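A, B, C and D are the chain letters, set down in written order, and residue numbers restart from 1 in every chain.
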Amino acid sequence: MFPGIDGFHWTVGHVVFLLLFFAVASTILGTVASAAWRTAHDFRSHHAIDLCWKADFAELPEADRRCRHELSGRVISRTCDNQFDCRTCQNYSHFAVLPATGVTQDLGLDYPADRLYHRGHTWAKPEADGTVSIGLDAVADHLIGPPDSVEVPEIGQQLDVNQIAWRVRKNGKEVRVRAPLEGTVISIGGREENWSMKIRPRLDVQDPKTTRHLLRGPEVHGWISRELERLQLQLRPAGTQPTLADGGMLIHGLIDALPEADWNTVLADTFLEV
Amino acid sequence: MSARYGMVIDLDRCTGCGSCMVACAAENNVPALPQATARTGLTPMLVRRLSNGLEGNLGREAFIPILCMHCEHETPCVHVCPQQAVEVDAATGIVMQMPQRCLGCRYCMTACPYHARYFNWWDPSWPAGMEKSLNPGVASRMRGVVEKCNLCHARFHAAKEKAAAAGRREIDAADYIPACVEACPTRAIRFGNLADPNDPVAQEAHSANAFRLLARIGTEPKVYYKSDEAWVRSMAEPGEQSGSPVRSADNSRNQSEVQHV
Amino acid sequence: MSSAALADGRWIARGEERVSLPRFLAWLSPWVVVLAIGVYAAGLCLYYGLNQTNMDNRFAFGLWIFLDLGIIALGAGAFFTGFLVYILKRAELRPILNTAVVVGFICYSGAVAILGIDVGQPLRFWFTFWHPNTHSMLTEVTFCITCYLTVLCLEYIPIVLRNRQLRKLPSFLVFEHQLHKLVPVLAGVGTLLSFFHQGSLGGLYGVLRGRPFAFRQGVFIWPSTFFLFILSAIATGPSFLMLVTATVESVTGRRLVSNDVFRRLGLISGVLLGIYVAAKSIDTLIWLNRTSPSEGFAAWQYYIYKPFGTPVLFAEIVLFGLLPAFLLTFRRTAERRGWLLSGAALACCGILMNRFVMTVQTLALPTLPFDEFLRYTPSWQEIASFGGVIAYGVIVYSLSYRYLPLFPKSGGENSHVSGN
Amino acid sequence: MKFSRRDLLVWGAGAAAGLVVTPVPWKLLDDTSKWSQNWPWIPQPARGPVQVKQSACTLCPNGCGVKVRMASGWPVGVAGVASHPVTRGALCPLAFGAHQLNWHPDRLRTVRHHGSPASWDDARAAFAKACGEGRVVVIDGYPGRAASAVLEAFAERRGEYRVVRGAETRALTPYEKWSGVPAESFGYDLENASTILSFGAPVLDGWGAPGRFTRLWAERAAGQVDPLMRIIQIESLLSRSAGRAYQWISIRSGSEGILAAGIARVLLQEKLVKTGGPIPEVTLDEAALLTGLDATAIRELARTIVVRGPVIAIANDNNPSVAALNVVLGAVGTRGGVVRRSKTTKVYASADAAIASARAVILDSSVPWNFVPQTDAEVFRFAAWNGSPTKTDWFLPAPGFLEERTDVPTAPTSGVETYALAASLAKAAHKTQSCAEFLVSVDPSLSSAEKIIHTRCAELFHAKRGNLHSREETAVAKIASAQKLEEQLWSGAVWLGEPASGESIRCALKQWPAADAGSPSDWTASWAAPVMPPLASKLYQESGLRESQRRNA
């Protein structure tokens, strides 16, 4: 086929045929190449992170993708189409003007009002010095209990919102905890502070838009009660009645208490894992 | 000027002795493999038996040597080979098979209506020492490639070299005679240049009793047969026998002399 | 539950119920055995050469070529569905898109594997690219199939990368995302390629001037079989997809795609099959009355040899062509699962029979008047390799079904829609 | 600068891409194609210049002229010598692959005594001992050679010389009986015969010197050369000869003699022949009944054959009736009939008779394998190839094809005397010895075959008769010296005597011979090798050309 190969003669047929073939072949290879190049480009321009979160978000079950305004009762039913990022949500203001309904009811869980909550069961607390403390919330705490091990980021590491900030291991299961905010880790608490860490956020915390995507007030309540319902259903032994019908207390370290439950699903649902 | 080598095989002279087969196999270093059968062996030249299908002393038989017909028009094998391992040599009209370029897909074998192509199902092998008796002009083929009659191209090559050495461009016809032609004891197989109107073989190819196998398929074989007997000629085309086993035996020759029990 | 089973569970997409690992392995094991035997047989053929088969100089093609033509025809569902979804934008067929890709991938890779054994000099496979003879249908087939297999791999990769564990690697996930955006391009290329090599496979026999049983007059450079093969392939491809899906549904005992997807596939298959039957009948008449006699072969000569009598011709066109076309097209039958699927099954049998007749009967019939009708029975090595390919298909499909998102999540919308 | 993994990947990809545009991968690809064609285990022929030698075939007593292509000292091809006066370039199918015979797996490579290997000295000692103890019968399958003369000379001193006659010679024995002229000096003047009445003789299927008759028939049946030749084949089955004959007459098997008698009766009664002869007692109707023909057909046949003379009847066995028919036809000792080609009067004892009293029997390698001496003496058998097991005490490896320096006397059926020499063109890997050499080594007082050949050449030279045929024809009278003559013979020339003088042969045929049952023993092969050349046996098996594998071990 190439010059110098004995006994091969070119014909018009060859030219046409080979041109066609190479056109096709290069199209195919070009496709792969461009896909690869775009991938590399996404990584360089930090798009990769968003894309991953987008993809994961798309894989989340319907129930996990409710809009915060549905949780707060401002709307009857709405599926978030913005990967939980209210900062870029064009409808946010439109919903925000509506008053939140529903009364606050103690669920026997400690959700301080001075904190903002992420759907991956983490809280964020803006400090006076402009830093933010973040940590696992009560539900997560109760589910996991004292972890076997924790894998925390290094000091100075960049955290991205919705990306895996740290990992908690318990009974051979890994919980991947998503970060509520983007920023730089500046200090990490020990076991007693339950590894809650301080970060310096990339954006100004005083600007409300920075934390707009995090839940607060009535939304928290709606969200938690939904979460508890889900847990009831998922954790009840087969054929028994819901255990928390009366809104009874979650026991600490539930994962040890109910070893036979399908924790893969429970943890995945709880921590927005795909 | 380019030649068109071809053959005329006089079936009335073929006694079916098989000299052509043996000479061909010896010339082309065909191995005698014990495991080869009638359907897996290599027989670039194969003598087959014809019968007029009649019983007793009405029965007639003839023998027909089958080799590559070196088709001229839309040569079936040349067209199908995916990698140009088969080519028609423009200078000689010989359909050349190049085993060293053959993939062994056997598509050409399905394409050939004359079953003149053979596949090397085994690696060639000879009893200890016998490889000393191989013809140095022809390389042995390995397992997994197709081969066939190439009109003893090695002999053509030798003739070419001889001519070149003598400073001639055309070869001397006497120098190039395929092994089967040389071997035939009754000179039933005649070889010549069909492009040369003065060549007796070319003239014979157009005689009344000359015919070609499956001529109606339109591949223009360069191997002609001839016979005075109608029933033998009727073997050329499938339609002729009209399905009945009884074929019209030529009475002109010896029907009257056939004795009835 | 055993820790192994748990580990396996982490690989299964969330919210999907699959049988326990032991049961799954139990299901796989017999197929693995068949595959192992097949690989051994193929090894024999590669090591000792094709004398391991029962093919010979007169029956130069055998079981394997039939297998190749058969499964490639059945695999046509892949490119055709891709074509319908991406080029004709028939979104309603998305639910079976992934399964179509996997089936196509299996069929083509299996065919290529068998071709690799079937040639006498596998080491020289690339000679075709080295000294291509552009007149040969086989060259076209080789080029197209190699390209299209690459395309199928590229279409298969995104599905693999969506596996629950693999997706955790960000680069995979992003690559999958980007590649998937370009899949329409691949679908387009794939359609072009498949169109040509499905045809060339038909041309493979249609051009055999020396085999009047297979030889057909042509349009431009292609014999009529070129187009008949394309038509029959795209007609039965959807039917085969239906069969596969239905089989999976019955094995897993859960409804995977909605009924109207089936109905839609059935309609496409049925209508195309109807067109094919019409074309095939016309072609057969032309061949019997014009093409073949002009070559000196009377039509009856082909059908005096048992078992290849005229009933074969009848079965191919009516029983396995016309009948399924009706079953798949008309509402009365097509709305009943049973009728629909039996129609699909008949259609698939029909195409297999057509490929069988084109390959095997062509070689069995005599050409020279003093030839005899040939018989050939495959050796165990041929049959074993054949079985090996089937087993390979079942295994790959089972694994894909268990670990990859082949069908839309039960309840949820199709993952692919949101993927784009 | 730090070299990260990413850099490595980029570099690798770049290198790969760059490599493609260099000739390296393409060259490698092309090389692999060549490499994949030259597996070490595929035997390839040794390259080398090819030279062509002429010689005479010694596989059977017909001594056809062979052209042997030699490469690096080994025969690599056999073909006919077009200039050969008798065979004219034609050979039997077996000859074309005969150069492979010497490597046949059945080649006899060591002396074997009762199946176990032994040494030549053992054999010689055993034979010498036997010679000391009693008579030795020497059996020859190819009389007339110098080697035969050695055998004969040895036998004269130590016992008896007997000859195994090939089928063609056996057919001539009746004339021997009636005229006293040895069958060995009779031949058929086919070149001048016009009608050939073959009683089951495979005239077109390896009868006599194959090339001689097939060439004649091919030319003259086609009418290219006059006179036109017609074969009338009388045979029960449609044989090759019958299939191609001008006329095939199918009769009951074994009734050839009766038909001959019937024809003779018609000829004599209707005075269709000038020569007289005893009228067979079998009547036409009896003949018709026994042959399965009808009387008119026989009469018709008799009339047909005399229309176009000379006519000659050829039998497949020593059937006296067919011979008698020739006498009646006047085809004995006349042009185009059975002729006496040489003056020799020596009649050899036939090997058929049982060997009464002998201490040892020694068989030359020319004796066909299916000949089994009827004796209980110790049997020494020379052979180049193993045959079917026979009662043999000693197997002695003889030279194979083209391995022996020997002379080639006139072929059994030839109408004219010929003489040729066969040089040894190949050498066996193991020690071989011809029967003659062996006998000389036992009795050194004998003169060797070489010497005899030498003297024979001298005699030829001094007789100044006949012509020498090599590429061109030269009269012996014109040849300078005996050495020259011998040299030319060694290099493949053939001496051809004058055509047989039409001297009549007096056959004392008083009454019609009793139609006896033909040949007493059924072996008919003139081919001495028990095995066929591998190619021949393979091709016959694959083409189904010869259902019964004659002569094949």
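As a convention for this text, a residue touches a chain if its C-beta (ideal position, glycine included) is under 8 Å from a C-beta of that chain, and two chains touch if they have at least 3 such contacts.
As the structure is a computational prediction, the values presented were derived from the model and not from experiment.
Taking the mean of all protein C-alpha atoms as the reference point, the chain centroid lying nearest to it belongs to B. More C-beta pairs touch across one of C-D and B-D than the other; that pair is B-D. Set against the C-alpha centre of subunit A, every other chain centre is closer than that of D. With centres defined as mean CA coordinates, subunit D is found 63 Å away from subunit C. One inter-chain figure worth recording: subunit B and subunit D are separated by 28 Å, centre to centre, where each centre is the mean of the chain's CA atoms. A separation of 79 Å divides the Cα centre of subunit A from that of subunit B. Each chain gets one centre point, the mean of its Cα atoms, and the points for subunit A and subunit C are 42 Å apart. Annotation for subunit A: residues 5, 7-8 touch two or more other chains. Looking at subunit D, one finds that residues 30, 33 touch two or more other chains. For subunit B, residues touching at least two other chains, in rising order: 37, 41, 48, 84, 101, 123. Residues 12-19, 21-23, 25-27, 29-30, 32-34, 36-38, 41, 43, 46-49, 56-57, 59-63, 99-101, 123-140, 142, 179, 182-183, 185-188, 254, 257-259, 261 of subunit B are the ones touching subunit D in the complex.
Against subunit A, the residues of subunit C that register as touching in their complex are 3, 6, 9-10, 14-15, 129-132, 134-135, 139, 143, 147, 150-151, 154, 164, 167, 170-171, 173-179, 181-182, 185-186, 189, 192-193, 411-412, 415, 418-419. For subunit B in complex with subunit C, the residues that touch the partner chain are 35, 37, 39-41, 48, 50, 64, 74, 76, 79-85, 101-107, 109-115, 117-123, 143-146, 213-214, 216-219, 234-241, 243. Residues 29-30, 32-33, 36 of subunit D are the ones that touch subunit C when the two sit in their complex. Across the complex, subunit C meets subunit B through its residues 49-51, 55-61, 118-121, 124-125, 127-128, 130-133, 135-139, 142, 204, 207-212, 294-298, 300-301, 304, 362-363, 366-371.
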